[in-house]
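First subunit A sits with subunit B, and in the next complex the same chain sits with subunit C.
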Partner chain A sequence: MPLSLSYLVKRVAWSITVIVGVVVLSYLIIILSPGDPAVKWAGHPRGPGAAKAVEQARKELGLDQPLHTQILNFLRMVFTGDLGLSIAYRQPVYDVLWRNLAATLELLLVAYAIGVPLGSFLGVFAALRRGKRVDGVLQAIGTVFANTPTFWLGLAIFMALLPSGFTAYGRVNVSLALSTGFYTITGLYLLDALLQLNFPVFVDALVRLLPPALAVAAYPVGVCLRIGRTLMADALLEEYVRAAAAWGVKRRTIVWRYAFRAALPGLVQVSGLAFAYSLVDAMVVEYVFGREGLGRLLYDAVSVNDFRLAIGLLVIVAAFYLIVNTLADIAQALIDPRVRL
Partner chain B sequence: MSEVKEVLELSHAVRRAWIRSTRFKVGAALSSFVLLLAILGPLVAPYPSEGMGAVPPTAAERTGRPPSFEFPMGTDNLGRDVLSRVLMGARLALIQITTVVAASLAIGLVVGVLAAYYRGPIEVALNYLTEVFLALPAIVMALALRLALGQGFHTLLFSLILSWWPWYARASFVYARSVVEMDYVLLARLAGVPDRVVLLRHVLWNILQPVLVQAITDLGSVLLEASAINFLGLGLKPDEPDWGIIAQNGFKYITSMPWISLFPGLFILLTALGFSLLGDALREELDPRLRRRWKLWF
Partner chain C sequence: MRRGVLLAGIVAAVVAAAVLAYFFVYLPSQQRGKIKVVVYAYLDRITGIDPSIEDDTGIPVIGVVYETLVRYDPATGDVVPVLAESWEHSEDGTLWTLRLRRGVVFHDGTPFNSTAVKLSIERAKGIYEKFGRGSGYIWSSVEEVEIVDEYTVNIRLSYPTRLDLMAAAIYSAYIFSPSALAKAGVDSPLDPELESWFNQGNDAGSGPYYIEYYSPESEVRLRKFEKWWGWSLVNNPDAPDVVVIKIMTDPLSQYNGLLAEEVHIASSVPRANVGDLASRGFKVLNVTLFHNYLLLFNIRRYPTNITSFRLAVIHAIPWEELVQVALRGFGRVGKGLIPHGFPGYDERLAYKYDLTLAREYLQESGVPKGTTIEFVYQGEYEENEAFAQLLKSRLAEIGITVELKPLPWIAVKDAGKAVWEDADRAPHLIISDWWPTIPSPYEFLALLHSTNTEWNWAGYNNAEFDELLDKAYELEGEDYELALQLYARAQKMVFDEGVAVNLWDEVRPFVVSSRVDLPEDALNPLYIYVIRFELVKVRD
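Entry: the complex of A and B
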């Protein structure tokens, strides 16, 4: 195993320290920005209960205590999963976050299941025809895909579907889900429907998922195409490829078993990083397609000044980034014999 | 002497790229087109005041016109000429991205170089700070700052700068560490050259080139990020002629007036593409590995 336990422990400890930093930073944003922190934490309440709500928020944050106590108190709130009730949803912040994270994750996973293999394959294809016209065209496509504003692509796909009479709006047809007795287990609707052998809901959820997933997939296709092409072109220049060719090894074996094997760790690392960025793309696309998910939370949090939800989002997105990066590094160590962690 | 050589190398790379890279030419054409629009926008826009968000007096009879000879990009829900809005947006877009990249570059270079040069607690602290900000995407940062500071230009800039500088810090840390370990830096320090001079002349100057090339590519990525923030309504105010904002406005009328969102999105794509191509072509010229002679052995 090219992966040591002490590395894992160190890595996890470091990630937790970073999350602590993120939490402290977000607390500083609340405290240092102009205006009364208690009013902000209570969501700028109006009406008869306003004074009470502000007082409640003041007590929650412990604003009468010294700064370090406040910060420790806030850290405790975040890490025990007790950020209070979301102002937008009137539910505990973490419940709202988990439910919506599952929706976003489903979108991202499907998008990457499409985007990474497609992009990598096209990259290999281009590398094998290096310098030819196909190579140039594919590289141009890759650059365009990696630079397309995702929200705009989402809008375009949404528009293109309108004449067909089918609007890919929302995650699932609610009346269909209710009539077939669909219930959530993991929050990933595709998986839930499969577990319950509920095929009508599976198909409905998939059909609604594909258009936004295609919009999100544009970026990984572009990135994997370009990186895959570069890495593969490098690998094909190596001496072992030449030697294998001289020994008369089959072309397909050389390409996929030897050269692609060398390009794979780089691809894994880059797609891991891209996966973490794409979370943001997924959020924007969800907003366009009216899907449940972290993107909608973003929008709702702004419209009602829901600071609790915003902090929850900050923490969860940062945690997502750290987890994905750690996993990508571990995956790389597992498949690349040169890397020892 | 190394300073002179570096500059020469960069300008050589630009010249070589100009001569033989189609990518560079397309990128240069696209980005200078946008730059030209940014300079001339107010002069060539048919209705500059509408471009800045003013509602025309004749709004009633010209709302939601599709693209025509009179209004090449149509008009929006308030009767404003979309072409004028998009043209006025070029300047705002360039101001946003150059400010963000310049500020992030400055912060990132300082943090990265200092962390690479001074070992021990300073290095750990600066790298920790980098890592914390690296974990926060601009959109989520924009949400927190939007709630804390309100809507506006400053919120947009702060959130983008705060999430971009760690990339430069990390890149310049890696480059600077390899420079710091070179003998000439050690010799300079032994010879009693003050830290300030070593840092500026020997370390900073030698890592500038790759980081600058990265910054050119990033101009496009920042635009994508900024317009997404504006599209979600977390950044600029609703009437600003920002491409993300115009697309957001068009999104509300997407079924009846699709052209409002179409054109600003296209301009975002073209601008981002231009800078990305420029950066790629330069990187290719500067990295000899990418220019190796090539023959497939089977």
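Entry: the complex of A and C
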């Protein structure tokens, strides 16, 4: 077994430390920045009794306590899983988060499902033709894709599609969803439509999802292409690969079973690291395509000092990032017998 | 090789299935359109939908789901019946009798009657008095709401006021069903659990639409209430079956939504894109709102404590250029403190752009050239930024340097309030955008009342002004004309002193898809952002 208990314990301890750090830093940044969350909690009162309402709100939010008490109380809320009501929306924080997390996850997963295999395949393709013109072109494409601002790319795709009459705005056509009786179960529209066997909504949700997903996929395509090409090119020069060729092993077997397998752990590691960037990209692209999601939610939460919602969201993003990278490490250990965790 | 053929076959089958699904499932389904849907893009997240408390961004929902007793008519300056059919008051103006509309039901089927009116008024008033929240102060003169019979109520006031105008307020004047208490599991209307119940997306209104889905950060879906009493009166078979209020906090996103035909009415596209949308066949309805942008001078800090210095600044404002260039025409030059068409508006209270006069005032003030003043404004508004740049350039011409400080709204408020604690810490100039709760001049003029330390960011403290305002407010129910005269005197006083000026009244372009007819009557300058969807027509 390449996985040890001490690795898991260390990883969990490290994750808790990271989350405590995220909470404390975020809390300080939001609370010490200009503006008073109590004003929002009181509903921006405008009448003569506004001061009284704000004072009451400050007590309800615990903002009348010393700063260290506030932070400890907030940490307790985070680790007991009850962040209370959002200051901006007066709804349970986790309800608001889940509604939006599902939208972002759907976009991110589809983008990754496109980006990672495509980038990896192109990387292998380029490595097999290293030194030729097609290799240079693909490497250039990889560099461009990995460095293109996703917001700009999303906007370009959106505007390019407009003249065709093909709309990629929002998550689903409202009239279609209503007329076919579509309702949300998990918040992942593709899955929900499939569960309800609602094919019109499935197709509609898919065609709206693909353009923003392509924009988000640009980064993993670029990164996997460039890293995949390098790893694969190195693997192809290994002695065991050359020996296999000398023994007359089929080229396809050499490429995919020997060389690619050697490149795979590195690719998995890079994909895990790229995940955080893609999450941020997804949060940005949502804006362009009029989709709800964590990006809009975070921006709105910070702009009104809704520290409960903003920090809840950051904790989820941090936890997500930690989980994905842990999974990437574990996958690497399972794939590569040289790695022991 | 065989595996390659198999793989190619699978890919071909998937592509063929996708193409077939697109043409035979997706495209026909797009043509269905059985339900008339209107998507309304709205700029702000919904902060709450409690009809007695919410006095912020939940109004576009509350204004459609709930009804008031009367509605303000900007054309006549008077009110028109809604849930109250008629009303009369005693000679001294302290007893009002309201006769209520019969045959009205709330969305849950319970009948509307006097009990609902009594409960709604007492809750809004009680919450304000106990917690300071909401705008229940509009009912502060109410001593008692007495149920005469099922459809008649007597409202006794402690002093005469225009109760009809109060009942037309944009906030805290909505009537809800008493059944809400049982549904929320509370005994007292002041129980905070009732507010939580409302904010979970529950409604207890009687309006033409009810809440079907509530997600305050992204969208609110409203469904046509077939039992609404007014459908026979509006006679609009093309009214939308479903209204989606979509929260789009980015103006560019609203613009994209219109282009993609996924948004039918947009409240806040970038001003620069309105012309482009008009040229693409979108209709633009420009509405002058009772929402203005006031420039307040810190009169407790040098040099804005000097009247002639303030007048120098005011005369350096290029009023016409401000509206035509900086606001791209989406504004009207401000006069006095009160916006166009609102009770108490005075066309004569206008300043002129005159740099020569500004220099004379500056010289008279004794403030040396090269003096720097701070200007705080809300940075999120493109109009504020445009004005700030314009003012900075003009004041530079007369030798005054302006340090611009764009801040988020809540920070602007903190900076403004500081004038009462430490005037030297508060900025010299600050912009406050304001809109009224009730149709009374008091709403705008009270911004400079000395007791209003929350919003009086000028730090103005003038006993004569306060007295005029208080007297006028008390006279509204007794002698409205005389009250207006006193308001006019108070307004002239601050105009002459240059304590605060109305820079512009907002003209908001509502951009509408060709699929939808949005009549002018559906928008009311008092009820900002509320659309009367019962008057909207959706084309097939």
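In the analysis below, the second predicted complex is superposed on the first by the 289 of 341 C-alpha atoms of A that agree within 3 Å, B and C clash if a C-alpha of one lies under 4 Å from a C-alpha of the other, contacts with A are read in each partner's own complex, and residues count from 1 in each chain.
Just so it is clear, a residue touches a chain if its C-beta (ideal position, glycine included) is under 8 Å from a C-beta of that chain, and two chains touch if they have at least 3 such contacts.
No experiment lies behind these values; they were computed from the predicted model shown.
Contacts of A:Val18 after superposition: subunit B is touched, whereas subunit C is not reached.
Residue contacts after overlaying the shared chain place A:Asn305 against subunit B and subunit C alike. Of the two partner chains, neither subunit B nor subunit C is touched by A:Ala160. With both structures placed on the common chain, the touch criterion links A:Tyr277 to subunit B but leaves subunit C unconnected. Applying the stated contact rule after C-alpha superposition, one finds that A:Leu8 touches neither subunit B nor subunit C. When the shared chain is aligned, subunit B and subunit C each come close enough to touch A:Tyr287.
In the superposed pair of complexes, A:Ser179 makes contact with subunit C only, with no contact to subunit B. With both structures placed on the common chain, the touch criterion links A:Arg242 to subunit B but leaves subunit C unconnected. In the superposed pair of complexes, A:Ile30 makes contact with subunit B only, with no contact to subunit C. Across the two superposed structures, the residue set of subunit A contacted by subunit B and also by subunit C is 34-35, 40, 158, 162, 287-288, 299, 305. Against subunit A, the residues of subunit C that register as touching in their complex are 21-22, 25-26, 29-30, 32-35, 37, 39, 45-48, 53-56, 128-129, 131-137, 195-196, 199-200, 215-219, 242, 244, 246, 248-250, 253, 256-257, 259-263, 380, 407-411, 413-414, 437, 451-455. Those residues of subunit A that touch subunit C in the complex are listed here as 34-36, 39-40, 42-54, 56, 85, 88-91, 96, 99-100, 158, 162, 167-170, 173-176, 178-180, 199-200, 203-204, 207, 287-290, 292, 296-297, 299-300, 303-305.
Residues 14, 17-19, 21-22, 25-26, 29-30, 33-35, 40, 128, 130-131, 143-144, 146-152, 155-156, 158-159, 162, 230, 233-234, 236-237, 241-242, 245-246, 251, 254, 277, 279-281, 283-284, 287-288, 295, 298-299, 301-302, 305-307, 310-311, 313-314, 317-318, 321-322 of subunit A touch subunit B in their complex.
By the touch criterion stated above, subunit B contacts subunit A in their complex at residues 128-129, 131-132, 134-141, 143-149, 220, 224-225, 227-228, 231-234, 244, 247, 251, 254-255, 258, 261-262, 265-266, 268-269, 272-273, 276-277, 280, 289-290, 292, 294, 296-298.
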